[in-house]
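Below are two complexes that have chain A in common, paired first with chain B and then with chain C.
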Partner chain A sequence: MKQIWNERRSNAFLWMELFVVFVILWYIVDVVYVTLSIYNLPMGFDIENTYVLRFERMTSKAAAYQPGRTMKEDVADLHEIVNRLAHRSDVEAVSLSQNCIPYNDGANSFSFYLDTVPVRSLKRWITPEYFNVFRYRNIDGSGSESLAEALTPSGMVLSVNIADVYQDAPWHGKELLGRRVPVWRNEPEAEHLSIAALTEPVRYDHFTAPDDYGSRYAAVYLTDEEMESLGETVYIEVCLRVREGQNDGFIDRLIVEADRQYQVGNLYLLDITPLSDIRAAYETDSVNELNTQFCIIFFLLLNIFLGIIGTFWFRTQHRRAEIALRMALGSTRWGICGRLMGEGVLLLLISAIPAWVVAWNLGYAELVEVTRMPFTAGRFAITVLGTFILIAGMIVIGIGYPARRAMSIKPAEALHEE
Partner chain B sequence: MKQLLSQAFNLIRQNPFYSTISMIGTAVTIAFVMVVVMIYDFRTMDMAPESDRSNMMYTGPGMTYRKQDQTNRNSGMGRKAFEALFSELPGVKEVTWYRGVAKTPCNLSASNEIFNYFVRPVADNWFKFFDYEFIAGRPFTQEEYDARRWVSVITERMALQLFGTTDVVGKEYQSNFFPTKVVGVVKDVNAIFQTAYADAFVPFSLENEDYYATWTGGLGGIRMGLLKLLPDTRPADIRTEVQHRQDRLNSSTAEYAFEMNELYTHTEYTFFRGKDISAPLVYSMLLMVLLIVPAINISGMTNARMQERVTEIAVRKAYGASRISIMARLFSENLLTVFLGGILGYLLSCVLVWLGRVWLFGSGEVELSGISLDGGLLLHPALFVLVFGVCVVFNLLSVLIPVWMVTHRNIATTIKGE
Partner chain C sequence: MMNDFFFGIKEFGSMNTNMIKLYFKQAFYQLRENRLISLVSIIGTALAICMIMVIVLVLEVRITDCVPEVNRSRSLYMKAMSIHQKGDTSDRSSNGCMSLTVAKECFKALTVPEAVTIVSTGGRMRISVPAGKMMTVDNLETDDTFWKVFSFDFIAGKPFTAADSESGLPKVVISASVARNLFGTVEAVGRTVQLNLADYTVVGVVKDVSKLAVSSYAQIWIPFHSTEIAGKCWYDNAMGTFRVVILAHSEKDFPAIREEAERLRQKFNDGLQDSEIFYRGQPDDRFSFIFRHWGRELQAKEAYLHYLLVIVILLLVPAINLSSMTLSRMRKRMSEIGVRKAFGATANVLLRQVFYENLLLTLIAGAVGMLFSYACTFLLNDFLFSNSENRTQIGETSLSADMLFSPWIFLAAFIFCLLLNLLSACIPAWRASRMNITDALNQR
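Moving on, here comes the complex of A and B:
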């Protein structure tokens, strides 16, 4: 300790650097911590082995075009195609939906009333098989089939957390089951739907917090009439799940048969995309942001490393005489090494304490990210500890090489030089 | 001068470790700084085809809603609203409109091989608004646009892939199974230009624009607008005038109202769109962090290094050298290392930007594999000058305090030995 004070002039730079870097690094570690904690929360659904297909109406210039077909017939043709898909030996489930595939770049909204409280959420405008395609889970543990049975033109399925943010609502969670509520308008003549089933919460993507708007939904039956009113079949999403173990080469197998099997009336297969591609496209921006943050962390740690290794190199060089003396007087080589390491870590500790104060104040003043996760003592403790360990690691590695040189000093030679 | 140079080289040779660390530290810092600068630069500088980015403004999505109860909200701007708000605006040189790129299946009529290209519907003056380089043919004419003919302007890459040659003016291919005639071929557009980018351009008049207006009182639609301001006009003036026009539009007795909520400048559109964050501010802060932390680093190391030269400096002072001249000398010795580190850093930054191009520049909307950074974008002359400038500033920052401290020491105490 005394030695640190004696060398305070040259330690001042190191101390300042450690302090500044600690605060900046902590800020970024905090952001990364929030993002990663949220990333790993359960999604509530599964997109493995799933695909979304779109079927478009041929133009009048195409050879196979049949003039005079109505939208009603187009929708019937679409059902025929879906039927054929569902009967494939390698397909497990097929569903239709409008603007609500997982990770979709856009969403419909929905609102209904619990007593007098309006509840707004995402709208999953789907046919019942959707739950089987994406393996939503009923809160009673029965999986997805019970959800498919529950969804009817008069019964909707909600996520169990749909009313959680509405403190005034008379019922929350499980209490919602079985109730009949007005939809869109709170009037006796308005359309009413009953809450037929509840599912585990479903997050929009890996970066959405569980209490965000994107983590609540209401699933409503997509009727044929509603599909016909869309005007074009290309707006209807056909989602399917391939059976376990049969996913390899599925797209190729399907496209080979597309001309014969899946071209009905005026409809043809426009494209087929695995949901994993859609997820990648949607999450690209958030992933890039995370990567950028990792880069900044790497940059800061690299600078610490360079600074420490540089400063301690010169230190060991200057103190050759002193080190040699210590060794001559009985200190072991590892003792020398330990002393150096200890000096570095102690310096870190001294600069860390004011850094903790600054960090705490930043968090308290909510200058950190608080929209997705509140700033709790636990979060503070973990992030501060994490930052400390990262920097301490750099210090240990940075002192390592100079310390090895120090350990190999031959006392007689060094003292002789002096 | 020559003596200074040779002395500087000597210094480097005599202190390989310090010089290496110093150079690596400088190179890494300059690399990161340059990457940040390059990203900002590529996306905001005036570069063909977006040669007027600094004068451009982008319209937001716009919203239509039913006046009486604020329901039936739909996003999207139609022709009627566009013309009411944006035609003949004072201070605006040119106005154009477009739609987002759509992945479209294209093929030659005789062939079954389908390629997916990004096709963008654009207004008739699109090719006057932007600076495309035509290698064959011409843009579509007013007559072709108004008559809604299936013509297109395609890029070199698409021509080569589809036809095998760029001499394709007048030839036909199928775009979404519609026979389309090529009227012009342009040089490839880098995907960094998010608005000007596409594989093929077709007339906007082919879009069934008015269909989207039917459920929004004629106001809704699919137009995305661009304004090119005259050099003296300020964005704030345009926003005010558009607001006036909007109020006038909505004051009629029509059932629906239109709201153009956002008008972005190019920088606002490119970074943090919609969020209340100032891009220049964030980037400046980022640059400060990237520069200050390593500067403290190198200061510390330089300080440690200066200890060894204390005697030499004291002797110089004793022989009459002024403080300023000694400081200048120490600066310039260090300058060589920093300079070499800067060159290394610039090369490293080009490598980093090229390796990370998809991550740094890609977004969910455009084809990620279409981003190629050829020499033109990377070796921009202005960037060279910037590297020099940053090197000098960096040198000054890092060496200032230690050098000041060292030259202000009392000669006598120094020579006596500290």
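Moving on, here comes the complex of A and C:
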């Protein structure tokens, strides 16, 4: 302690740097902690081996165009295509949906009433096979097959957490099962749907918190009449799951047969994309932000490392005589090394204490990320400790090398230099 | 201190080259003397320079001229427009791209600019050779002036003409990689391809375009009258699927062009019954263009602030760091300085020596940092340049030399080096040189 005070001039810089870096680093570590802990929560569905296909109607400029076909016929053609896809030996399940593939850049909304409480959520406008394609899970543990059976034009499927944010709602979670509720309007003559099954919560993407709007949905049956009213088949997504182990080269195999097998009426295959690509595209901005934060952490730590090694290099060289004397008087190498490192860590502690105060106040004033996770004492403790360990690690490495160099000298030699 | 520094600069001119050589030689020996610490200082400085340079480079690639967008500096952009009921003062509005009618009447009709091109927002098309290969590509539907506003490298053939564009002839320009994929060669002019199953003739093959050329990137380009895209419009035929790029004779014409565009807008609104269109400050210059998100007011000021804040933070830490390192280096040489002062060296001479030493160090670090930053930009290409807007496109965010190497960036890096050098070295050096001789000798 006394030594730190004696070296206060050069320590002042180090102290200042440690203080500034501690606060900045803590802020970023905190954001990264929030992001990563949300990232690793369960998603509630599975997109491995899944693809989305789009079929468009050709124009009169195409040679194979058949004039005079109606949208009703187009939808029938689409069903025929789905049928043929489902009969492929390498395909497990095929579904139709509108504006609701996972990681879609847009979504429909839906609302229904629980007694007098309006419940708003995402709308999953799908055919029953959708649950099998994306492997949603029934809360009773029976997997996705039971969900596909439950979804009918008069029965919808909800995520179990759909009413959790509505404190006034009369029913929550499992109590919802089997109830008949008015949809869109709370009137006796409004359309009523029954709640036929509940699934585990499904998050929108890896960066969406579980209590977010994007983590609640209501799945409603997409009927043929509704598809016809959309006007274009290209707005309807055809999603399919490829059987385990047959995923390699699936796109190439499908494209070779596309014109012969999957061109029906005026419809042709426009595009086929793996859902993993859609996920990558949708999450790009969030992933980039996370990577940027990692880069800044790396940059700051490297700077601390360089600062420490620079300062302590001269200091240990400067104090070679002292070190040598200590060694001559019987201190072990580890003892001296520990002493130097203790000095560094103590310096960090001195700068960290005011930094903690600043950090706690920043958190308390909610200037940190609080929309996705509340600022709690636990979160503060974890992030502050994490930051401390990161910086302390850098200090230990930064001091270790010059200290070892200084100690390798023979005591007599150093004393002789004096 | 600044006086001393400027004095040093003034003297610089009168010094003979041998002197300077000597100074640099001295500095070089000093750096070699403390290898580790020099290395640490160089890496520290290089790291800071690298970080700042990467930020500047990423911005630079999106803003400055590069093939095929060689005229970015004298271009104005209309990314989106808005429409609402006449006299509506709430912020309710419909936002999106414009219809062909608006593009023609409000922008194509402009007389001040050199050229105006109408470009579709882009989408995917299926391209195939009859009974041959098939692939999905990104397409743009545009007109003949597109080829004047942007400068493409044609490997074979030429662009479609004004007549082709007007009458919507099925002609297509394709990129080299598409040609190679479909035909195995870039000599594809005159061959027939099917776009969404309709026959088109290939008239030109161009070098692949990077996705970073956001206004001109595609893999195939066709005249918009050759499809039914012009019919896709709504809200009094004002909203649609088109954007506009305006090429001015020079930057000085921007105000005149905006003024004329405003006149045309009012004229167009006079012809509308209940609604009116507005642009929220567009047409944009390049910087505003990349920070505009379609339906919203421009947030360029926030973008500036954001960059400034990041740079200040990234500068602050290494600046403290380097000062601390230089300070401890100075402390070590305190006795040397004391001896030299005792033998009659002036503060000025000492300061100059320290300055040269640090200049050399920073120059080396600057060069290393620049190399680092170019390496980072290439290696981290995907992370630095991909975003949710271009990620869904098929092509590559490839970088070319002309995007990265510009004199402006060298100058910026050099000034930055000098600034860091001044910040970190001259203050402790000045203080050291002012120190009492006896204090220095006693290492106090």
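Some observations on this one:
Rule of thumb we're sticking to: the second predicted complex is superposed on the first by the 418 of 418 C-alpha atoms of A that agree within 3 Å, B and C clash if a C-alpha of one lies under 4 Å from a C-alpha of the other, contacts with A are read in each partner's own complex, and residues count from 1 in each chain.
The rule is simple: contacts are C-beta pairs under 8 Å (C-beta built on N, C-alpha and C of every residue); 3 or more make two chains touch, one makes a residue touch a chain.
Because the structure is a prediction, the values reported are computed rather than measured.
With the C-alpha superposition on chain A as described, chain C and chain B clash in the combined arrangement.
Residue contacts after overlaying the shared chain place A:Leu269 against chain C, while chain B stays out of touching range. Chain A is touched at more residues by one of its partners, and among chain B and chain C that partner is C. Applying the stated contact rule after C-alpha superposition, one finds that A:Asn291 touches each of chain B and chain C. Using the contact criterion defined above for the overlaid structures, shared-chain residue A:Arg260 touches neither chain B nor chain C, since it reaches no partner.
When the shared chain is aligned, no partner comes close enough to touch A:His87: not chain B, not chain C.
Contacts of A:Met58 after superposition: both chain B and chain C are touched. Touching of chain A by both chain B and chain C, each in its own complex, is seen for residues 9-10, 13-14, 16-17, 20-21, 24, 58-59, 61-62, 105, 270-271, 281-282, 284-285, 288, 291, 299-300, 302-304, 306-307, 309-311, 313-315, 318.
Partner chain A is touched in their complex by these residues of chain C: 36-37, 40-41, 43-44, 47-48, 51, 124-126, 128, 134, 136, 170, 194, 196-199, 227-228, 313-314, 316-318, 320-321, 323-325, 327-329, 331-332, 383, 386-388, 391-392.
Across the interface of their complex, chain B is touched by residues 9-10, 13-14, 16-17, 20-21, 24, 58-59, 61-62, 105, 270-271, 281-282, 284-285, 288, 291, 295-296, 299-300, 302-304, 306-307, 309-311, 313-315, 318 of chain A.
For chain A in complex with chain C, the touching residues are 9-10, 13-14, 16-17, 20-21, 24, 56, 58-59, 61-65, 105, 255, 258-259, 268-272, 280-282, 284-285, 288, 291, 299-300, 302-304, 306-307, 309-311, 313-315, 317-318. Across the complex, chain B meets chain A through its residues 17-18, 21-22, 24-25, 28-29, 32, 103, 105, 116, 176-179, 289-290, 292-294, 296-301, 303-305, 307-308, 359-360, 362-364, 402, 405.
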